[in-house]
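So, here come the structures, one by one.
What follows is chain A paired twice: with chain B in the first complex and chain C in the second.
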Partner chain A sequence: MIRIEYQTQRLSLRFFMLMLVLFFFQAGFGLLLTAQHIDPSLLAGTLNFNIVRAEHTNLGILWVLCGFIGAILYVGPLLSKRELAAPALIKFLFYAVIAVVVWNVVAQLYAQQGLALWYMGQPLLQEGLEYLEGGRIVDIVILIGFAILCYVVLRTFPRVKDWNEIHWGLGLGVIALTFVWIFGMFFVARLDLQEYFRWYVVHYWVEGVWEVIHISLVGFFLVLMFKADVKSVGFAVFWGIALVWLSGLLGNAHHYFWIGTPEFWQFWGSLFSALEPLPLIFCFWHIYLDAHQDGKPVANMPAFSFLLGSVVLEQVGAGILGFTMTFALTNVWSHGTWVTLSHAHLALFGTFGMLGLAAAYYTVPQMRDLAGFDQRPGRLAFWLVFTGMLGLGFAFAIGGTVQVFVYRTLGLDWFGGDVAPAMQVAKLLVPVFGLVFMVGVCLLVYDLLTLGMRARASDETAPAVAPSGWRRPLSGWETGLWLLAMWVFGAIITLGLLSFNLPTVREGSRLFPYLMAGIGYPGLLLTTLLFVARFLRSLDARGQAATAAPGVLLGHALP
Partner chain B sequence: MSCAPGEPCEEGVKRRRALIVLGIMGALFIALSAASFLDSRNQVVPATVSYAGYDAIEGKRVFQAWNCMGCHTIVGNGAYFGPDLTKLYGKVGPAWMEAFLPSAGAWPTSGAVQLQLQNAAVAAEAGVDSIDAYLAKYPAAAERITRRGAHATLMPNLPLSREEIGHLIAFLKYTSSMNTEGWPPKPRVDGLAFAQAAPTSASPQPAPIAAQSAEPASEAARGAAVARDTGCTACHASSTQRLVGPGWGGLYGTEVALADGSKAPADDAYLTESIVAPDAKIVAGFAPHMMPAYGTMLDEGEIAAIVAYIRSLGGEHP
Partner chain C sequence: MSRERIIRMGVAIVASAVSLALSWPYWRDFEYWPESRAMWLAYFALGFVLAVYVFYAFLGRLGTLFLHDALERAQRLQGAATGDSAEEHKP
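Then we have the complex of A and B:
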């Protein structure tokens, strides 16, 4: 089994634990939002929808960041072959993160009284900008926190000329993380200019920074899990980062279609952000190649499940669903509706959330010095949150399609009288899948918090089943076909959004967009579900074919 | 797609090439960005927009301080709980917004909008001074009044101050005049002709009238109808509940504590004065200048009917 080599790696444990607590509360706020969507009078005047939503989005960002910090602290010493620099600063960072979380949760409540505490033209408490709701005080503390992270990572790494691709990815990632944050720290009077800079932070974080950190970390965890060749992973990381930045830098233009900036952005945004899925396909293909590199059983299935989930949902949520609404002609309809919610939830939780959870499942048992652990709760939790999130994506997409038709095509803008009743079925589906997701969250948080502190259940004694049918080894061809099927459904969704431009639809026929959405979304999400089931089954069968190794071991037997 | 073991990967060279291409992209992005905010584009800026003496930039601060984006979208960004606000001002006009914002929990009635038009500054911003001309100029306001008037909204009553409301309308006047490149798309059909549109209700629920009322039911019932049509009930509950203003339930005949520390009996004279000149006596815990004076809009009979209605809602009979 893999043991912790450097003692400072253990500092990552506290960030993973904090991540789990924040994740629990974030999902809880999400569930409350679904209830308020059904009954808007719920807690109105006590805890208004906008407050709950601000807590939901902010905690979402904060727990993903905790996951990143945890993962970076874990891999940092391994990449550098030495202990982390300045462990005292990391301990300080941990308490700073807690202070930021508590301060910001409380500060958001003041939006209910319209209190931003303006001082020298800047809002100190909270500033009511989507995703950047924190006020200037918390902004500055966060900037200091990022600077500490930069300092620790760069001081720990070897000299620049000895950097491999993963060093480059993480190094550039943490610097850019700090740099683009600065653009969200000013009050801008012009709405178009303010939105222009707000997307610097939001888009470049996600597309420029988080994606880069994601690619680097996925690459390195594949090295750790499958003993993949660092050089081949490094190559994938290089092309991944290059493609992310080359497509994402100008891809930001898809946020500048309708905010008051000129029409030419529609051309550049449609062109370059259509290329944004390329690195994601690359990453997707790589996890297939690496997982099939040595053909040995996967020792830590929960960790691998979440890593696979992260890459697959990145493909589906960010890649395919992002692609469907990235063209000016489809975005003009999807913009400002629930259609974007399906993309946002699958992409953000899927790509970045699941990576943090994968890292936690991989590292927590090691840091608690466990020889093995009961993997069943972790695997069940994966399926609950994965299915729950795909279901949420489905409900948002269907509700969004109805919303586009009623709100944009028919121009009915009475949300209480026209729009919300039309979306009622979708509004009821959201908490159904939300509950599935929440059960998964509770199980996973409980499992990871108490891992190694419970009496260990007896090992699974899975009967050896011949790896045939659904369990037979997954070939490259088959994976390609699954991916193709996902993109075919993605194309159907895109055509469905495009069809809102058709004269018949504009004159009030909803047949075509509803039909395309009715085929495209369930098709895409079911294909995703089945593909992940197929992938994990084929890896399971590998484990059972080699039941010579009893019990469940962590990591790989070192040669 | 990986470089095989033993082969040189030439990472350094590739990295440099990638950075050069990235630099070119960055230069292109900066050039496009600079062109976006040139004066020659003639995009409207908030510094040039004011509304009845209120400031659009201050309005943006109000918009942010209340986190309006947490429920609504603006230029399509924000939450999808309520409608997009970008072009609202141009559709419904200033008088409708003046009537809506102080008591966002209920949709304004025709009377409430008409009252706002009596304010010369609002009428000047609207460009018309009669309600009929206003509704003809702003069909979206007419649609809201006929279909939604006096119904509850999904929005909570927010304790916005008079100043904040003015600034907020100035900000929305600014966003409404922005060039957003054709977004949101203009509908080509009249949505109201479709089944998805909620049917227009003839009259909202009948006003509650206390059974023990000594008042002739007809006078109190007429007062209830006037109060509803004038929009009074958007701010005043028929119970003791506080909406924007004090609740009417159980009010009549009690001693009301005023903001200046004195007390006044809630009798006919007090209630009439509060309708005609609301700022003469401010109830403790409420802000002045929130309620418009209704003396010019309602005749004596209507005011007496409202007072009768309030009397019918219970309280101590002296």
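Then we have the complex of A and C:
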């Protein structure tokens, strides 16, 4: 059994628990949104759609941050070979996060009343900027919180000359997390300039900072789970980060296309965000190679499933779906529609949310001193949230394609009379997959909250069989073919979005974009589902071969 | 230049050319700042060169990632054959 080496690592547990609670409520708000889409009068005046949406997006950011903080606090001592610095500050940070959460949730109710509490030119209560809704007071609390995280991480780490690439990734990540936040802390009266800096925070966080923290944490968890070589992982982390910044710093401009900024951003934003999938492909191969390095069983399959889900959904949601709509020629049609929602859900939950859940599944059993645990609920929960999220991505993408055609091409802009009825099938599909997702959320929240407090059910031991069919080892060539198939479907989706520029489509023919979307989206999402099933089945086969032999230890592969 | 590098450079040039073609501004009048057509050509040229570098670097480092993997596998096999525990890679 892997035990906690440093007692201060246990401080991460409270952040993971808070993450689970916030995740549950965020998903709950999401379900409420789907109901309001079908019946717009639902809770109108009490809890308006825009308020519920703001709660949903805000909590999405906050629980992902809780996951990051928990994971960083867990790995910090392992990377530094000493206890975390300033544990009292970490405890304070936890209560500060709770205060920020409560403030954000409550402040939205004031937004519904139109109250911002202006003082000295600053909105103190709430500021109505998408994703950065909290007012100036909470902005300052958040800045102090990030500064505490920075201080703790940098004080815990060894001297800079002893840093490896993972130290650099996490060190730069937490500094940038704090620094970039500052750009969202001032009020700009000109809306286009305010939007510019809002995207500066949102985008540079997600594609410039969170990606860096993500790559570093994925690398370190691969070291922990597979005893991957630190130097090789360091190389992958370094180049992953380098490629993120080479592409993402200018690629950020894909948010500047339609907010009144100069036309040259259309070129720079399109070209460099087209390169943004490269580090994600790099990370994809990184996890494949490290997971197949020693061929030994994976002891903690729920943790690895979520880690794999994080990297694969990063590839599909952020990489491929992001690519399809990143060009000015396609984005002019897709921006602000459900097509974007498809990308955003898969990318944000997939990449960063699943990493936090992977970290929780890896660390919580250790912090509760469990010699082993029933992995079946965690595995089932993974499949429910993974399938549910892919289904949501499908419903949003198909609904978005219809929305683009009706709203942007035909120019029918009466949402209640033209657009919403045309999207009705997709609007009904969203709660269906949303429910699947929510069941998964409930299961994993229950499982992680009560891990070690329930009587342990005996693990089913599947009969040892020779790996064949979907259980045979996954080769690099086969993985390459799966990846190629995903990108082929991505290319079909891109062609579909480009086709909105064709004169025939603009004259009213929907055949080509609907055909491309009808092939591309289900093809991509089914390929993703099958690939992950294939990957995990091949790893399962290793585990079953080893269950006959005793000694499968929690957290690590067999020595 | 080795054959591998030539292939890598070729792939990087083709991929960058496709990316550049897809990155054409939606408003194609080029009237928004900078008003000079020469500046637009400079943007396209600079963007293309930078994109080729990023693709080239990506392909090269991906190859190195696989080389590391092959090397580690060989070391593991060698360690297993000699009975050494070559797997301890403490962070």
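Simple rule for what comes next: the second predicted complex is superposed on the first by the 551 of 559 C-alpha atoms of A that agree within 3 Å, B and C clash if a C-alpha of one lies under 4 Å from a C-alpha of the other, contacts with A are read in each partner's own complex, and residues count from 1 in each chain.
Rule of thumb we're sticking to: a contact is a pair of C-beta atoms (placed from the backbone, for glycine too) under 8 Å apart; a residue touches a chain by one contact, two chains touch by 3 or more.
The structure presented is a predicted model; accordingly, all values stated were derived computationally and were not measured.
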Partner chain in contact with A:294 - chain B first, chain C second, else both or neither: second
Contacts of A:227 with chain B and chain C, given as first, second, both or neither: second
Which superposed partner A:420 touches (first chain B, second chain C, both, neither): first
Which superposed partner A:235 touches (first chain B, second chain C, both, neither): both
Chain B versus chain C as contact partner of A:271, first or second or both or neither: second
Chain B versus chain C as contact partner of A:263, first or second or both or neither: both
Partner chain in contact with A:469 - chain B first, chain C second, else both or neither: neither
Chain B and chain C contact sites that coincide on chain A, given as residue numbers: 229, 232, 235-236, 239, 242, 246, 257, 262-264, 266, 268, 282, 285, 289, 332
In the complex with chain A, residue positions of chain B that touch it: 1-3, 5, 9, 11, 14-15, 18, 21-22, 25-26, 28-29, 32-33, 35-37, 41, 43, 45-47, 57, 60-71, 73-84, 144, 147-148, 151-154, 156-160, 164, 174-175, 178-192, 194, 196-198
Touching residues on chain A, where the partner in the complex is chain C: 78-79, 166, 220, 223-224, 227-230, 232, 235-236, 239, 242-243, 246-247, 257, 262-264, 266-268, 270-272, 274-275, 278-279, 281-282, 285-286, 289, 293-294, 327-329, 332, 476, 494, 498, 559
Touching residues on chain A, where the partner in the complex is chain B: 36-37, 40, 44-45, 48-51, 53-54, 108, 111, 113-116, 118, 123, 126-130, 133, 164-165, 168, 187, 189-193, 195-196, 198, 229, 231-236, 238-239, 242, 245-246, 249-250, 252-253, 256-266, 268, 282, 285, 289, 332-333, 335-338, 341, 403, 406-422, 506-508
Residues of chain C defined as touching chain A within the complex: 19-20, 22-27, 30-34, 40, 43-44, 47, 50-51, 54-55, 57-58, 61-62, 64-66, 68-69, 72-73, 76, 85, 87-91
